[in-house]
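Okay, so subunit A shows up in both of these, paired with subunit B first and subunit C after.
What follows is the complex of A and B.
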């Protein structure tokens, strides 16, 4: 069991930042546990979602931002739908994931690689190219046989295109990423 | 049906690939039901889950570009078959009602978006604008004798204040539409439970566990097939069913249909236009059981009549 000294280890800036970015009031959570009770992913989490909520309330930046749970939340919206105090818990998890990413954490490395590969495919082609996404994922993780069995059904059935899907305005899409990255680095 | 059912159509990326049968059957069914789909010109990816895990403005901008492309079209709204696209388009539109957020999002876009069009799923339009009763009148090949578990997936109806359609814990739109085709809907307590979403690649164990649970539950409820409205749910349950069986030591051979494929079958549309052959688990089993049950019922009624 971890002991936290609240008088010395509570990061109030962290609480404020989470509240600001998620537009949610953290103090509304009274730890009923409904979010965790309905969370399909809790079996795979290192911290159940209600504990993530509690640790944010007591300003535990490092412990929260470095947990695996943030990278395993699928935004299925079960917690948000069932919170008796109408807290958008899934949005808080998403915002924590943004902060975790910005702080340089990637506690579920392969998940991050998959998401990044997806976005770089969109940035390049405007629409996601599933085959290209898988190729990038396999190269970056070194897991060259990922889902190779599924390809046997997909390719002959015309469900996995070897070439990216074309669109005219793909530059408009890559410009969205460019402006976003510029704004972030400024 | 009036020609007023005209919508800006957002197919979504998976419709071009892994869920091509959903795309084909959605198009075919809408046409047969008098719903006009005008594809959004040069639409782009909504950013799906990966974008909103990075930043909410980036995610909104990727979605909003498409809402911008649809502005100026003479339509009743934007519709899409895919719940993941739907949730992104709707969340972007919902958040852009806030002026500061809209300005931040528009700053990432080439042309600013006014955000005035309503956004719905194809399912919502079929359910609300056509409805089970009118659909029933159009059925030429009833699917009586088929027993299905209806699986909606996690985000078609949640969170309720954004999705604003059907019940968030016990949705019934697909149940009613399937019943209109003559199908028997089994009770299914996991209607809105998550299938493991896009973790199939990076954390396959999660999908094996969650989708495995859905297949087990459907079978326990007496379902002989499942019906879905989501490309990712369908892919996890159908394409990954073999992986699930090996991982969990089960023997499921559960056909997983898109609801549009079954509507199309009942409307008498050509199987090829519904992409039936593109499903991974052989759907023939569900139809054979249906025919057997139909024959049985017919025999029973003949016996009963001759007995009287």
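What follows is the complex of A and C.
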């Protein structure tokens, strides 16, 4: 039986942490389900977003942080827009994703790799270098032929340049990353 | 002066955080205090007896009770004093519960503050004097504003009780929202069949004067003696002559006029009788659509009218009615669902409101009771009902539950199956709220006998596809997103306060909440009274209500009026302003500042002086603070009394002040 002991298994620290980091009040959610109703990715989720909200409300840290939905969320913010209680659900999903990563869960490995590749590309070039991003993502995931058909159309249109783009403010962008890394390590 | 002080424990409400024994002990040392003690419940019978005995035994002149807010128990203790033979105004209350024990936890500080409040009350009382109420005659006529079911019930009960009733209705017929309904829950009986006879009773009752197409313009006066100005809006038809034959409606060429009664599902003629059972059954012209009034052409109705009732030059008319009490029954309006972009915001013709659906279901509606969807007139097979549209939604400023939508949606689902046996209804709901006699059973019937599919979740979007509307929502019990291809979508729109509710409240001098619903005097114990004497509430103007609740309140408000009118004279509150004629210099500043017009200029031996009309004065005290001479004084709140309070608080030793 998968019985959850609501009193003893409730991780109050987890709820507090989510509320603090997201600046949202979990008790406002009355489980109408409108977030799930509007979610374009719910088909691929293992837990629909309203159940993620419910599991946070009852303090089920492990189940929330190890779910796949957090990593599949596209941050389209349909849930936030539709919420009748003005809860920023997308922000809660974002906070949970960070917590999940810190806790060593990354249930969708390829999503994490893509993001890491994207951010390191931005860190290095000030904005994303598509070709470089593709190369990193493909090598790390071993998915050599993903979307290769799209590339065929993009190269002639100059959308996939071999060299990184030059841009003003490159140094400032890398400063942001530097500051973030310093703050994180301190 | 001999004053008795009674410090109430209020169980542990006060005694929990205030040392009441000490407060009584210290109070005994105050000047003029002849007796002080603590008491468990001052308002209880033994508590009141204790006060009476002390007054009699010690020959006290006045009493201070340190307990709760005067709003509830000041009248209680004033009666206690009267029973002991004292004047009811030789009484002061120190609020050491709401102002002390409930707001602070520090017992020592609380005890000191309680003692300060007691000392102030004692000081005020030493400057007090006996006040005598005056009696005045009352006008035993009652005004009922709003001719919906609540107003109709209130008017009929008052009239049956022998009172003269003035019933004012904004539209051209009484009946209100109920007259638009096809059937009523939980009995599924015909709405107009049960309301119709009551409407006819109103028309035929000798004690009821009905002003339809009229609105309250202005209200002057006070309980027992109000003067109400009523605007009779121009209907362009002489109602004394109109027989309601309907010939004008048949011939009117302006056939695309807005049909307000049918919720704009169909159109009507510019001259029209609201609906077949209308009371009064009289025609009126919609000036926005009448060709004669807009272009000065046509004039057909005047030609065909057999009684020459048409008056294109009719003007608004103001009549004044004197009444003694007012029942407000102005009802509610429906939430404007076009605020919801996800439900199409009004773009899709086949997304309609529950009230529009009610007109489609009604045999007297524009489709004769055949459900035809607006876009192509086809009979829908799959109908989706969405609940909580404009209810329980903080994001659009409607956090409250409208209370009746769950029930009427179930009713409409049942009626849908009755009208179209091969149809299938789906209801998206958040919670089912059916607390009432036979209400939950009714919901079960919709599911069990009529096969209505209830889906627990909200709807996120609608989009058109192949002539249908795809409804995408959630089924939270499944934990899945779901879609239904619907032929017709019915939105269970919630209730909001009636258009113009706040304006009327200002005329009546009653208060309203954040959403425009009128405030009752006490949420539990005075549900149909307002804080303005002589003004009562019935029905949905106080908050969303279904028919049984509205009828109940209509009768309750009528009973309150009958109680009020059971006496021939009322006593005025003597806590009003009084002019000291020797001090008054006749500057007239008080006359200018009085918000109630209660002060008049008089000639006193050739000198100009001010005079307060006691029955109009509400005791607000603005004149007292305006008067440069200190000549006008609010009784029981005189400058001397207030200064005595300030003195006792400020003339303490420096050390004590800073404690």
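Basically, the second predicted complex is superposed on the first by the 183 of 186 C-alpha atoms of A that agree within 3 Å, B and C clash if a C-alpha of one lies under 4 Å from a C-alpha of the other, contacts with A are read in each partner's own complex, and residues count from 1 in each chain.
As a working rule, contacts are C-beta pairs under 8 Å (C-beta built on N, C-alpha and C of every residue); 3 or more make two chains touch, one makes a residue touch a chain.
Small disclaimer: the values here were computed from a predicted structure and weren't measured.
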Subunit B versus subunit C as contact partner of A:124, first or second or both or neither: neither
Which superposed partner A:98 touches (first subunit B, second subunit C, both, neither): first
Touching partner for A:68 - first (subunit B), second (subunit C), both, neither: neither
Which of subunit B and subunit C A:140 touches, first, second, both or neither: neither
Which of subunit B and subunit C A:51 touches, first, second, both or neither: second
Touching partner for A:37 - first (subunit B), second (subunit C), both, neither: second
Comparing the two partners subunit B and subunit C, which touches a greater set of residues in subunit A: B
Touched partner set for A:78, first subunit B, second subunit C, both or neither: both
Intersection of the subunit A residues that touch subunit B with those that touch subunit C: 43, 78
Residues on subunit B engaged by subunit A in the complex (per definition of touch): 13-14, 16-20, 42-45, 47-58, 61-62, 65, 107-110, 154-155, 158-160, 168-169, 192-194, 196-203, 205-206, 209-210, 239-240, 242-243, 277-278, 280
Of all residues in subunit A, those that touch subunit C in their complex: 30-39, 42-43, 47-48, 50-51, 78, 82-86
Complex contacts: residues of subunit A adjacent to subunit B: 40-41, 43-44, 72, 74-78, 80-81, 88, 90, 94-95, 97-98, 101, 108, 110-111, 113-116, 118-119, 122, 126-128, 130, 134, 137, 146-147, 149-150, 153-154, 157-161, 165, 167-170, 172-173, 175-177, 179-180, 183-184
Contact set on subunit C toward subunit A in their complex: 342, 388, 392-396, 430, 456-461, 472-476, 479-481
